[in-house]
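Next come two complexes, and both contain subunit A; in the first it sits with subunit B, in the second with subunit C.
Now for the complex of A and B:
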């Protein structure tokens, strides 16, 4: 599991981005979104998606001219101490996200599938599976994610299609929700939701080139945003803003609402398979990116020895919050504040540094790392 | 007197605790010892003395014969009766003298392995060497036939072959008869070039070659050829006389086909290479011969099309085969484990087939076939997971039925792997997913079964495995009959005895049936093992654990490679797919060879391969 590979192409990059940015579909954040944006909740992913991708493309513009991955580029433009600081920020992003995902998926497993399971066993289960996957490596992880991606997309689409008889189109009214300005502000505020997109420039050395990163981001992130919009539209059309804001697990509630005949009902348990697969992949991936950053920052020859300690510490962190409510509140706060630093502010800061230094006369940067 | 209980106990304890002299003779124990060698070690003083003694004996024998020859020559010259035979004898002695030079003797004595030595001029020395190599006279397989060549002067010779491996009639016809009946005049004229004369004039065998070392000679003899040694020559003739008993080409037993060819490989490698060549009649088809096994020296053929196969791939195949350091490689199954990228994962990463018509398309795509003497299977590398769902019938049918069969096999594969665990997980943890009527029916059927579902399913699965294994081991027609009868009887009896519920029988039967759709037996085995793993997972945490098991298995398979090519190609990693992955396109649309193998010639056929359509448009 060396990080100097450069073996992954567009499909693998696309799958990685999709898996990290698609995972919120199975989480509880949408009840907050629908609470704030009401009938216009579906616009929120569109707004923050457009903003994030614009900032990301600006960062790629810089990376085309300053060779290297995100940490290299930061080092060349801002100096090594700042690059280390940026690395630490992204490490914190991904590592905290891994711990929160671990906790949320463990809690959701208790809520939806195995109510009698001991909470710590659920945490241990998810962290062990993630550790096993990490041991196998990032390349197989990305390829596995690419294979399951169509299944996940089909699953979400199938649920939305099966819910068609329960659609009440008036639930989308008023189409502007609480007002376009409020929706816009809320949409921008939760851009931190998409910080996972930044894993592509971070893992730059494992991907072919900038074109690979660009297309992987456009396809993977684009599909993820589309799925979020589809899911939110379906959710709003079925439950509306009133009932929707009270649902703890929106996608789970959607699957529970599916009823087409006596023989196709209560399919939510079948979606547990999908649920677990997405959860395990997202946890493993966020953990990988965080230990990769540590490896890159300290020039470690291999990452494998870090897998078990990093997973154990993440599991311990995941068990710190006293209950799921505090976890959800913490996650919401991180999305609206802290994650924006990684998703928006740091890329803009790097771009600003690039333009300032270019204006100062520096036209070329050394290649390599 | 009958002992009471206390006395019996006391006697038994005494027997256990106290040492008694064994009544039986000393039993053989194969332990490690100092004398575990057939011969004295070559470095021991005794062995060195023995070698020096041998050298001295050789020198003394040579000196005695030389003295006799000089005496004879003196008499001949004094009598004024000069003969050309004297000149021939002189040249022979001169050569022998050169062999007995101090350097030559020192080299011969330093060699522990007689196979490394060169052929001697004297027949008796060669015979002694063969005695050492073949452990004669203990070894009764080796036949040494001495005879006299009717030359002037008369020359002794010997033919050496292995009983059972060589064709005796052929030896009589092309070795002994021509040599023993050859005209004297011709021999007398040739003198020095006697071996060349044999090859060019007398021996009618189609493959005759010269061998100078005993290693070459042993390879020839062990391969069924006959070695002919002639006194006074430093080379031996290896005449092809292979003729061991073997099975003729038969019908495919493991991979039957509805519309494909009905020819299967046999145990004779040369027949197998011939079968492949008969289907691919191009001069570009190259067969390289390697040897596997330090003791067995089993011939191994590497077949590829030189203008298509990637040279790096061919080099890697040869590197791996040549890199095997084992005494005996009996079968392609064993060879496969030696060259496999993942020998510990029970998933096949190398195609093993008994059908020549399955090997040829792969060779034509740029893959490499490996054949082994004595094995009726060919290996093809590199290989992908998706190709395991391909069958020769897919190509014999039109695209839609061909694709349908493949999809069916893929569904069968998935059912065989996870159907029992899905049932178990749903019935244990997620009953709400089953329609109400069905769940009531299942509950009613299980009401009288005293075991938990996991015990039921494990019992049935194990019974099924036992029936399958027994069906394979029972000879002939009885196997399948007992398999079917056993399954029906056990299923019915188990339900009647309330050991298992009818739904469980249905689940296990469907799973078993699904597993038979898998074309590759090794994959089927891997799936069976995985099924047990998933069963245990589903009994632990239901679908949550099954989901985790599926994703870990998938990622593990994604990490596998077959000779440097990712196993799940062309899906993951995604490469330019041909029109022949799961859905098979029309044969005339499959213009390109698989991208992942990087063939030298990527195009398989013209973009418009049905050129008659073009002609019709032109009005011709």
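Now for the complex of A and C:
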């Protein structure tokens, strides 16, 4: 399996970013967001989105001048040991995220659609399908994601529109939520949620060029932020901060709340299908990026031999936490702390290294590592 | 080879996840349509299940009459809903499914002790939905469900769903479901409320819930108060059960309920029977609706909220028994003022009652939310007390836009005045 094709364009890149940065909102994470920011929860994705995209554009500025993908650039600016360390950090980010998504989607399948299913069978199902997709490779995965993306976006918009009769606009007040400073701090803290955006420079060799990465990031990530704001607004307007913070599956609750007439109700079963499809794609994608990083770090000629062991280990890690509340709290802690390293700190570190070295007189960098 | 293997794996996975392993056939399931709850002492509840009879549903429910046509009732006394459900399973050969419940019927006695313990589990359990209608009954839930045999409907589920929507024809009871109730329990957007229902003795005797004040021409009622007889079964939805937090604290009559609906902006239409301004013994019928959404503005005066409310009605004359020409402008103004006067009186009556009870069904406290700087400040504030102290100014105006299929009235020839 070649993983350095460079055949993917803006559409594929956009779909990849959208899947990784948007799909986790189908899980429980916004209940925690609403708990922290109350009526102003919709500002959180705006704040962390702006911060992440600014840091990302700074990284792209560096990558325009230092050729290569993220690992190459890190190696050229910081040396191979640090590049390896950075690679390991991103590997851990994507791999842990894959395991957590696996666990949460499996748990939520039991919770919503198949309550009598054995938990291990649900994990087996998600991991098997993800493994099959991984075998096919990143390009079909990206194109599949691109096909699913409009369905996903229109589905989410439809749910929000159908919920309009239940909107209570004053649920957003007091407009500052817990206070603008608290919202700002929380918004910055959860920037780690967007670490998936970094998959573009990581998969740099599979994409055409820097311009492709830039537009894919702007469109894919921009759409992801917009949809997150729409969903959070819709959810807050329907459930308010008081009831919203209790929900295990906010989007599922939104679909359950749709009741426009006796002919248009109980639509959640349709969305469970969509939800499972995008869940599998997101798990496969995060797993792919993690094993891609291992392949890149150790210059492996192919990734396929890693697919089954990596999937099995991820499934095992997914089953480690004793209960769903532990998973949610762990995920929340990762997003507010650990993932910020990948989303913000490392790109800033690379940019700082670039500016220091440029100030030191180095103006050009060779292509290749 | 790899491709064939892949196809085999995919086929295997799709067979395993087709969902048929946990499936149940329709004829293995007993569909519960409504659940009634009555208190039976400390920590004990009497749960009445209204279970649809599938054969009756399939055949359109035609037959000789009686409860057994459409549903059966099973009453179980247990510690709570979960235990009652377990016990219900032991009474039948089918698996009881709660996914199609349309209504929760709670006795007033239960509601006055608080519904917090009931509503919490409802929102957690996947089989219950927010769209389930919440009804508080004056009598016991069991009696209400036993008497409730709607002969017009072929399906009991359709009866509850229909009842939830026919309120738009009169405004005499509100649309109230578990979702709305829960949202109001957990968010400061107004006090929770539920549909108020009861049994009518069908003796044909009238039991009004208040006195008529001119220009009112009609009585106001609580459930069971209307003069009714005939073959339609006893239950009637009339008025609103008011709550403060999770405890029922009072009731609203049908007219007061309509006033709530008007101020919420959800009032669709209703017939209004009003005293003839020039011939008080006679009445005029107006088909009334909102001309625009009510505009509610808040200002604080010495720490007390003052709400300025603008309500605009539009009406259509549907009957002028006196024959006075209210279609022309000079008389029409009189009629418009009369309608405004009546509606303002009914709204004030409702507001006075709810302010005394510190229960805010309209949701005035939601308009106070932007006056707080942070969510924490808002939660700390005693919003029901603010509502009790609030000064509410009403500005009600009516425009008679149409006069039905007649553009002028003329006197009946030879009629003795």
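The definition used in the following text is that the second predicted complex is superposed on the first by the 368 of 369 C-alpha atoms of A that agree within 3 Å, B and C clash if a C-alpha of one lies under 4 Å from a C-alpha of the other, contacts with A are read in each partner's own complex, and residues count from 1 in each chain.
Everything that follows uses one rule, which is that a residue touches a chain if its C-beta (ideal position, glycine included) is under 8 Å from a C-beta of that chain, and two chains touch if they have at least 3 such contacts.
Model, not experiment: these values are computed from the prediction.
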Which of subunit B and subunit C A:178 touches, first, second, both or neither: second
Subunit B versus subunit C as contact partner of A:149, first or second or both or neither: neither
Partner chain(s) touched by A:137 [first = subunit B, second = subunit C, both, neither]: first
Which superposed partner A:129 touches (first subunit B, second subunit C, both, neither): both
Touching partner for A:257 - first (subunit B), second (subunit C), both, neither: second
Partner chain(s) touched by A:315 [first = subunit B, second = subunit C, both, neither]: neither
First, second, both or neither for A:11, with subunit B first and subunit C second: first
First (subunit B), second (subunit C), both or neither touched by A:273: first
Subunit B versus subunit C as contact partner of A:51, first or second or both or neither: neither
Subunit C-contacting residues of subunit A that also contact subunit B: 113-114, 117, 125, 129, 132, 136, 262, 265-266
Parts of subunit C lying in touch with subunit A, wherever the complex brings them together: 2, 6, 9-10, 13, 16-17, 19, 21-22, 123, 126, 129-131, 161, 179, 182-183, 186-189, 363, 366-367, 369-370, 372-378
Residues of subunit A defined as touching subunit C within the complex: 38-39, 111-117, 121, 125, 128-129, 132, 135-136, 166, 168, 170-171, 173-179, 238-243, 246, 256-257, 259, 262, 265-266
Interface residues, subunit A side, partner subunit B - complex: 8-12, 109, 113-114, 117, 125, 129, 132-133, 136-137, 139-141, 143-144, 146-148, 262-263, 265-270, 272-277, 280-281
Residues of subunit B that touch subunit A when the two form their complex: 426, 429-430, 432-433, 435-437, 541-548, 550-552, 554-556, 558-559, 566, 568, 571-574
